[in-house]
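Consider the two complexes below, in which subunit A is the common component and subunit B and subunit C are the respective partners.
Let's turn to the complex of A and B:
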């Protein structure tokens, strides 16, 4: 690990990565030792590494696997998540099957909503289900497996556009709002390589493939750019991320955008939404005319949130 | 010019680049048609292109060439600047010879101040001389040949570090302060390729070599990174730069740093400085003990500005 001027064998890697995670949880006040955490588990290396570490650190961390119904990918990744849970003492996994629960898989939903990007639909569905599960289950926070490389790649994309709204919200912790659970990223200081090495040494069996729909090329492109920067000057990634967080805090950057948008409960599911009537998630599942009816029933005009 | 979805022959390139420059001068309120402008001329393509355009647009633009005394580079670049001025109606070039004026060339100065970077010393000297010439000559602004690629490369370096102080000051126009002339970058919307093409079509003979001391590798590295981003998504460079300027303005980013630092006149040259006694430029030319004496003579403690 050049950026830390550190070489670790497998035996010492494990406690080192765990300590990094424990430090991030404390430093960013993600959750306390007595709070229950819901880990969003995809079956990949990052989320399983995260779950493994949280359980070993003694946290009450349950898993949530969302089956998106993607052929040749979802069932395989669910199997990995379930196998991990079976072999891990204290691991409880909840599975939500999108097609079973709502009537359509992500690919089917994408076909019904041509013109919308599959990854954007999928993100909307996952956020909704995660939040619902966290709120219903009384969890203090939703933990996702975003690692440092993920965070830095997104930061670079948002910075190149100076997308103030996104730059304001990109953080290791997103505080809760009424009806919206806290979101935390305990691996935000752990690099992709370290997370993969951890999984390898721990013998965690994870799904290697990327989702076939993933805009993997874009993320990989930015990760490659960042690796070039890192290779030229070690520590660049971490500096970019940490200096961003510090400068934003210290100078209160992007605060002008911070005005609270008014949130209403969705007329159907009750989750908070900015659009009158149905939330963006519920609107996915009803024909447009019915959504209009529902919105009018609430005495509010229908607005497209896209 | 893929980013503009435009292909121009030589004949049409010239007015197009001139119009870009004219638009930037107006848009960023760099200077008015009756104001006198001092162009910092290095003998390279950008500064000669800039000077050529300003004169053809009808501005009262004089040139300032600073001979830094760099073997095998300064005399050659001075010759290019002088040859241009001789062949250009209305072009008046002032030459300041650093060794002749102050007693040491930049390389000699660097040898006398080991531990300080040559490029940083050189920048300090050039800024001082440019400002002095502009103030003495009653010019409304100093115009430098920074092009879009230069600006974007610097923006990327500053953004990767979130150097708030630099991010605050990077602009097409730096407003004047008492004793400090306004600084403007009329080529800030013109790409390096466009500037080079302009010089080529116009038959401007410029020095191709980079300064032998230049930290060219670093700038070239960032320009290469930005070209990769641009090749993936055309317009990225311009978007990065323009969105930065717009977001900074709109959300008043980095304003916390904007508190005025107190400026005093230098005890020797009279130019504004933040350090008591001698300014950083004048301090270069006197032995340390003498600088201390001068500072004490002003009844102020000596502080190192490095």
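Let's turn to the complex of A and C:
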């Protein structure tokens, strides 16, 4: 733990990381001991580490794996998630195959929607499926494996752009709204390096390879810059993130932005959407000529609303 | 000579320095890798042995 000027061996690393997660769950009131949690599992180090810790802490944590149909990646990562679930007592995994369920993989969807970024489409699809699974399954929260480095990189990106709307929503907990499950990030105080070390020491077999679409991702660029800052000044990442959270609470930074946006149920799936008619997810699966008709019939704006 | 392996790259270095110094010497970021020897995570302060083979596991993901 270089930022804490500690040097923990494997034996002491595990309880230290578990304690960090347990503390974050309590501090940010993510969920209670009797509530059921749905863990979004990708087969990578962070989500499998998170699932492992939640189960060992005694939470009722089920896994959700979404197969995106990305050649050479999705099947391999699904195999990692399934192997973990088989070997971990109490782990129950649900798999949703995007192509099987909706008729097209993420790459196929991206080809059908030229001009839309693959990662943006993928995020929209995953958010929709996670929310649907959490609401239908009666889970108190969706837990994702975002670690401290992920959060700091996004914070830096949003701060440089002054993306106030995104900054307002960046928090360890996004509270539930009608039709929208609570979202929590129990690894938000755990560094990426610690999460990977935890997985290695625990013998968790995770997928090392990146999603092929992540190559050149801006997140990697910001993480590199932040690591350079961290090497110059130990603790920079924690300070940036934690002081942001504290300042937001203390000075009520986004008060003006907090006005509620009216949500309507999607005409097809019923999930909340900001515009009448179909939600952004359901519009993805409608042929373009029909989408235009539907949009004009519903007076819909052509923008993402999820 | 010890060997450091990172993805498809490898370097040969003399033993006697710390793993931390070895990682720096090959130009990698300490925050971005974890040193593993014989499948076991090792401390950065460990002294590199002359016949060690150290795998550096990348920890940064872009998702």
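The rule we apply is simple: the second predicted complex is superposed on the first by the 285 of 306 C-alpha atoms of A that agree within 3 Å, B and C clash if a C-alpha of one lies under 4 Å from a C-alpha of the other, contacts with A are read in each partner's own complex, and residues count from 1 in each chain.
In this text, a contact is a pair of C-beta atoms (placed from the backbone, for glycine too) under 8 Å apart; a residue touches a chain by one contact, two chains touch by 3 or more.
Since the model is a prediction, treat every value here as computed from it, not as a measurement.
Asks: Classify the contacts of A:210 with the two partner chains as first (subunit B alone), second (subunit C alone), both, or neither.
Replies: second
Asks: Going by the contact rule set out at the top, does A:44 touch subunit B (first), subunit C (second), both, or neither?
Replies: second
Asks: Could you look at A:159 and tell me whether it touches subunit B, subunit C, both or neither (first, second, both, neither)?
Replies: Touch status of A:159: first partner only.
Asks: First (subunit B), second (subunit C), both or neither: which does A:273 touch?
Replies: A:273 contacts neither subunit B nor subunit C.
Asks: Now for A:251: first (subunit B), second (subunit C), both, or neither, which partner does it touch?
Replies: first
Asks: After the superposition on A, what does A:192 contact: first (subunit B), second (subunit C), both or neither?
Replies: After superposing on A, A:192 lies in contact with subunit C but is clear of subunit B.
Asks: Would you tell me the residues on subunit A in contact with subunit B in one complex that are also in contact with subunit C in the other?
Replies: 228
Asks: Would you mind writing out the residues of subunit B in touch with subunit A in their complex?
Replies: It is residues 159-162, 164, 221, 225, 228-229, 232, 236, 239-240, 243-244, 246-247, 250-257 of subunit B that touch subunit A.
Asks: Touching residues of subunit A toward subunit C in the complex: what are they?
Replies: Subunit A reaches subunit C through residues 2, 7, 9-10, 42, 44-46, 149-150, 192-193, 195-197, 200-201, 208, 210-211, 214-215, 217, 219-220, 223-224, 227-228, 230-231.
Asks: With touch defined as at the start, can you tell me which subunit C residues reach subunit A in the complex?
Replies: Residue list for subunit C touching subunit A: 29-32, 34, 36, 40-41, 43-45, 57-63.
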